[in-house]
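The two complexes that follow have subunit A in common; it is paired with subunit B in the first and with subunit C in the second.
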Partner chain A sequence: MSVIRNAELVPAPARRSFAALFSNVSRWRVPLSILALCILPWVLPSQALAVNVLIYGLVAVGYNLLFGYTGLLSFGHAAFFGAGAYATGIAIGAFGVHWFIAMLIGVLVSGLLATVMGMLAIRTRGIYFSMVTLALAQLVYYAALQASSWTGGENGLRGFTVSTLHLPGFSVNFLDPLVKYYAIMIVVAGALWFVSRVLNSPFGAVIEAIRENETRARACGYDVERTKLLSFILSGILCGLAGTLSAMHLSIVPLDSLHYHTSGLIVMMTLLGGAGSFFGPFIGALAFLSMEDIFSLWTSNWQLIVGVIFILFVLYLPKGIWGTLISWGKSR
Partner chain B sequence: MSVTNIGKQFGGLVALKDVTADFREGQITAIIGPNGAGKSTFFNILSGALKPSSGTLRFRGADMAGVPQHDYVHRGIARSYQITNIFPNLSVLENVRVAAQAFRSRMNIWADRSADRDSEDRASAMLASVGLSARAATPAKFLAHGQQRALEIAIALVADPALLLLDEPTAGMGPEETREMVALIEKLAAQRTILLVEHKMKMILGLSDRVLVLHHGQMLADGTPKEIQANSEVRRVYLGQNDGYA
Partner chain C sequence: MTVQLIAMQLFSGLALGAVLIMVALGLSIIFGMLGIVNFAHGALFMVGAYAGLYVAGLTGSFWWALLIAPVMIGLFGMLIERFLIRPLYGRSPDDPLLLTFGLGYVLVEAVRILFGTDGIPFSTPAALRGVVNLGIGFFPLYRLFVIGVVVAVLLLLWIGLEKTKFGLIVRAGSADPLIMRVLGVDISRLWLVVFGIGVGITALGGVLAAPMRNVSPEMGTLVLAEAFVVTVIGGMGSLPGAVIAGLIVGVSVSMTSLFAPEMATIVMFALMALILLVRPNGLYGRAAPGL
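On to the complex of A and B.
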C-alpha cells in the first residue's frame, strides 16, 4: 500500500512544476519574446533571415489576433501588409516625408483599408468570410497593378531609401544590418507588448468567447459584429505596421506583397507555429523562413518539402509547434 | 413581458399565428405543445434571437421591436439553450466570468481583465450556487452532461435577469439530475420570473404556476396545471397521445 502511495506521489511535484513553468512563461511572455528576439541574429545563419523573421513574425502575430483568437479565417491579409508597405514607400519616395510620419501613414492606410474590408466581410460567416476577404484583397492587388504611376505596377515600388533614421538628438545608421535589425526589433517589441495587453484585456476575453460560441456571446450581451470589426481592424493595423517595416527594410515594395500567395504564407506560418497562442505565430514564422533558408540551398523545389511538412503538421499536430508543446506540458 | 398578436412566417410556412400572452412577475410559466407546435419559434422571439413578422413584444412597458438581441440581456432578459451552448475551450469559471463581464466592460482593449474583481467574484459565487466550484479551472468541454446543463444556467443567471427563459433545462438528463434541476429552478423562482419550454409532463405540472399550450402555431390553452390537465382539447391533441411520456 505504501509502495503504491509513494509511486503516486512521485509525478505530482513534476506536474506542478510543469504547470508552474507554463504559467510563468505566460506571465513573462513579452520580456521572454524580446529576449529571444535579441539573440536571434546571433543564432540564425544570416541577419537578412533574422529581419525577415521579425517582419513576418509580426504579420503572423497580427493575423493570429483575428484567426487564432477571434476565430475568423481571413485569406486576404496580404492587403494590409502590402497597403502598409506601399503607403510608406509612396510617402517617402513621392512626398519626401520623414520616415516616422511615413510609418504612421502606412499604419493609418492599412487601418482604413481594414475598416472598409472588415465592414464588408464581417456580414458573412465561415467559408464565405474567407472568400470575401480573398476577393477584396485581390481587388487591392489589381488596383495596385493598374495604378502603375503610383505603385510601379509589376516592377514594384522603387526609388525610396531610408539610410539613416533621424531621431531627436541622434541618428541611427539604417544601412548597418545589425543596427537595422535592432531598430526594427524595437518596433516589433512594442507591437508584441500591445498585442499582449489586448489579449489580457476584457476585449481579449470577448473575442475568445466569440471564437468559442458566437451565439452564446451574443446572448451574453456582446455586440458580436462590432467586436469582430475591431479585431479585424487591430489585426489589419498590425499587419500594416509589419508592411511599413518591410518597405523600410527592403527599400522596395514588390507587387507580390499584395498577392494571395502572401496571404497564404501568413496562414501557413500561423498554423505551423500554433494559432491561438501568443508565441505560436512567431515560432511559425521562424520555422517557415528557416526551412526556406535551408531547403532552398539544396533544391529550387524547396516549397515541395515545406508543403509536405505543413501537411504533416495539419494532419498530426493541428495545434502547431507551440500549441503541441503547451498541451504536452499540461498533460505531464 | 407581454406579447400581443405575435406571428412568425418562414417563407410560406406559418410558424406562429396571433399568439397573445402576458407573463406575470414572479411566476413560473411553462410552454408545452407537440413537436412543430411553434414552441422554439416563440421562445426565440421572446429572447430576441428572431424578430416576429407581426405583433408586438413589450418588456416592462418598452417595445422590444428595435432592440438588437445582444441588448436583451442588458434589459433583464436572459436565456439558456436546449442544446448545451457553452464556451467549450474556456475554463468553467471563465465561461461565467465572461458573461458577467458584459455588464462591466465590452470593448476595452487596454485594461487588465483580472483587475475586474467584481465579475470574477460574481462568477465564483454563481459557480458555488450551482455546485461547480470544484471544477472552476476545468475546460468546460470536459464537464459531464448534467454539469454542462448547470453551467449553461449559470451563464444565463450571472446576468441576474428579471426574466429567465429556459429552453428544455432538463433535456437529456436522468431522473436524479432532473430532480436537482427542478430544485434549482424552484430556488430561482423566488427572485424572478421564469418561462420554460419542456417535454417532461410530470415535471411541468408539478413545477409551474401556469401552462401555455401551443398547437399548430396557435395558443390552444392557457391556465393552471390543473385546468390544463382537465382541458379536453389539450388532452386530445397532446396529453392523450403522449401518455407515459414522463
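On to the complex of A and C.
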C-alpha cells in the first residue's frame, strides 16, 4: 500500500516544478536568450558558426512573427533579408554612408519592400499566400540579377568593408571576430526585446487570434487585413535588419541571399526549432547550422540529410524541437 | 521589326506556354482534387527530365523516353502520396506544403548525387531537328512537336474528365469528397491515382522541355515559380484557367524578350501582381480553401 502511494506521489512535485519551470522560462525569456547568446561563441566549435546563428536566428525570429504567430506561411522572406543586405552594401559602397545610417537605410528599404509585397500578398488567402510570396520574391531576385550595375549581378555585391564601428566617444574594432560577435549580438538582443514586447502587446494577442480563427477575429471587430499587413511588415523589417547585419559581417552580399533557397532555409529553421514559440526560431537556426557544420565535414551532399530530417519533423514533430519540449513538459 | 518577326515570336511564346501549361496542369489537378499545393512540383519536373535522359540513354530512343519516363515518375508520385502525404490529411493545409518543399530539397540533392551537379545537354531527336516553313517564316520543328503533344494531352485529359466514368468520379470527388465517401467511392485510392497523374503530366513536361532547356538539378526552381505564376493568374484548381494563363504568360515572355530582353524574366511576375490587384482569385479561380 505504501509503495503504491509513494509511486503516485512522485510525479506530483515533478509536474509542479515543470510547469513552474516553463512559466519562469517564459517570463524571463529575453534575459535568458541574451544569456544564452552571450555564451554561444564559447560553446560552439567556431565563432563563424556563432555569428551565423545570431544572424539566421534573427531572420527566423522575424519570420516566426508571421508564420508562427500570425499563421501566414510565406515562402518569400529571402527578399527582405536580401534587400536589407543589398541596401546596406550599396549605401556604404557606392555612397560612403556612415554604417549606422546604412543600417537604417537597409531596414527602411526592406520595410518598404515588405509593405509593397505584403499589400499584394495579403489580398490572397490560405495556400495562395505561399505561392504569391514565392513568386514575388523571385521577381526581386531577377530584378537584382538584371540590375547588375548596382548589385554586381551574379557575382554578388562587393567592394564595401566595415572595419571599425565609429560611435560617439569610442570606436569598435569590427575585424576582431569576438568583438564583432558581441557588437552584432547587441543589435540582435535589442530586436529580441522588441519582438517580446510586440508579442506581449494587444497586437500580439490579435495576430494569434487571427492564426487560431480568422473569421472569429474578424467578427470581434478586428481589422484582419491591416493586422496581417502590419505583421508582414514587422516580420520583413526584422529579416531586413538581419540582412544588414549579414552584409556588414560578410562584406559581400551574395545573390543567393535573395534566392528561393534562402526563403526555404528560413522556413526550415523556424519549423525545426518550433514555430509559434519564442525560443524556437533560435534553436532551429542553431540546430540547422550545426547540422550543416557537422554533416558538411562528412559529405558535400549534406542538404540531403537535412532535407530528410526536415521531412521527418513535418511528419512526426510538426511542433519542432522547442514546441515538442514545451508540450512534453506540460503533459508531465 | 517586321510583322513576320512578331508572328514568329508569338509562335515561340506558344511553345513556351505549352510547357508551362503542362506543369501548371499537374499542379492544378492535384490541388483541385487533394487541396494541397505540391512544392516538389518543380523538382519532379526536373526529375522527369533526368528520367527522360536516363531512359533515352538506355534505349537510345527519344520516343521511349517520352513514353516511359512520365509513367515511371507518375508511379513514383503515387509512392509519395501513399507514404508521405497521406499521413498528413486532416492536418493544417500548410503541412503537405512544407513536406513537399522538403521533398523537393531532397530530390534535387539526390539527382546531384546520381547525375552530377553540372547541366547535361539533351539533344533534340534526329527526326525532329530542322525547321518547317509556316508560310510566315521558318519555325523549329521540335517546338511545333511540343505544341502538338500538349494539345494531344489536353484533349486526352478533357475526354478523360468529361466523357468517362472515372472522370465523373474525379470531378465529383473534387467538388465534395465527403459525399463521394458516403456514396461508397474509395476516395483515398482516387487521390492516389490523381496525384500520380498530376506528377506524370509534369514529368512529361520535363521530358518535352529537356531539348529546349539545359537539363540541370536547378531547372526545377524556376519552373516551380513559373507554374505558381500561371496557376495564380489562371485560378487555382481550374484547368481552362491553367491553359489560358499558360498561353498568356508564354506569349508575354517571348514578346518581352523581343522588345525589352532585360525585362523578360520579370514580366511574368509583374503580370501576376497586376492580376492579383484586379482579381485576387485569378481569372477562373474560386476562393482558396483553408484559413
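The rule is short, and it goes like this: the second predicted complex is superposed on the first by the 322 of 332 C-alpha atoms of A that agree within 3 Å, B and C clash if a C-alpha of one lies under 4 Å from a C-alpha of the other, contacts with A are read in each partner's own complex, and residues count from 1 in each chain.
The rule is simple: a contact is a pair of C-beta atoms (placed from the backbone, for glycine too) under 8 Å apart; a residue touches a chain by one contact, two chains touch by 3 or more.
The structure presented is a predicted model; accordingly, all values stated were derived computationally and were not measured.
Return first, second, both or neither, reflecting whether A:Leu167 touches subunit B, subunit C, both chains, or no partner chain.
Neither partner.
After superposition on the shared chain, which partner residues are touched by A:Thr124: those of subunit B (first), subunit C (second), both, or neither?
Only subunit C is touched by A:Thr124; subunit B is not.
Taking the superposition on A as described, I'd like to know which of subunit B and subunit C A:Leu230 touches: first, second, both or neither.
A:Leu230: touches subunit B, not subunit C.
Is subunit A touched at more residues by subunit B or by subunit C?
Greater contact footprint in residues on subunit A: C.
Quick check for you: in the superposed arrangement, does A:Leu136 touch first (subunit B), second (subunit C), both or neither?
A:Leu136 contacts subunit C only, not subunit B.
Looking at A:Val179 after the superposition, I want to know if it touches subunit B, subunit C, both of them or none. Which is it: first, second, both, neither?
neither
I'd like to know which partner A:Ser201 touches here: subunit B for first, subunit C for second, both or neither.
Touch partner of A:Ser201: subunit B, not subunit C.
Looking at the overlay, does A:Ile294 come into contact with subunit B only (first), subunit C only (second), both, or neither?
neither
Check whether A:Pro318 is in contact with subunit B, with subunit C, with both or with neither, and answer first, second, both or neither.
second
Look at A:Ile39 in the shared chain and tell me whether it touches subunit B only, subunit C only, both, or neither; answer first, second, both or neither.
Neither: A:Ile39 stays clear of subunit B and subunit C.
Show me the subunit A residues, by the header's touch rule, that subunit B contacts in one structure and subunit C contacts in the other.
Subunit A residues touching both partners: none found.
Please name which positions on subunit C make contact with subunit A in the complex.
Counting only subunit C, the residues touching subunit A are 31, 36-37, 39, 84, 87-88, 91, 93-95, 97-99, 101-103, 105-106, 108-110, 112-113, 221-222, 224-225, 228-229, 231-232, 236, 262-263, 265-266, 269-270, 272-273, 276-277, 280-281, 287-291.
Applying the document's contact rule, which stretches of subunit A touch subunit B when the two form their complex?
Per the touch definition, subunit A meets subunit B at residues 197-198, 200-206, 208-209, 212-213, 215-224, 226-227, 230, 234.
For the complex, give me every residue of subunit A touching subunit C.
These residues of subunit A touch subunit C: 71, 73, 75, 120, 123-128, 130-132, 134-136, 138-139, 142-143, 145-146, 214, 260-261, 264, 267-268, 271, 301, 303-304, 306-308, 310-311, 314-315, 318.
So in the complex, which bits of subunit B are touching subunit A?
Subunit B residues touching subunit A: 47, 49, 68-74, 78-79, 81, 85-90, 94, 97-99, 101-114, 116, 155-156, 159.
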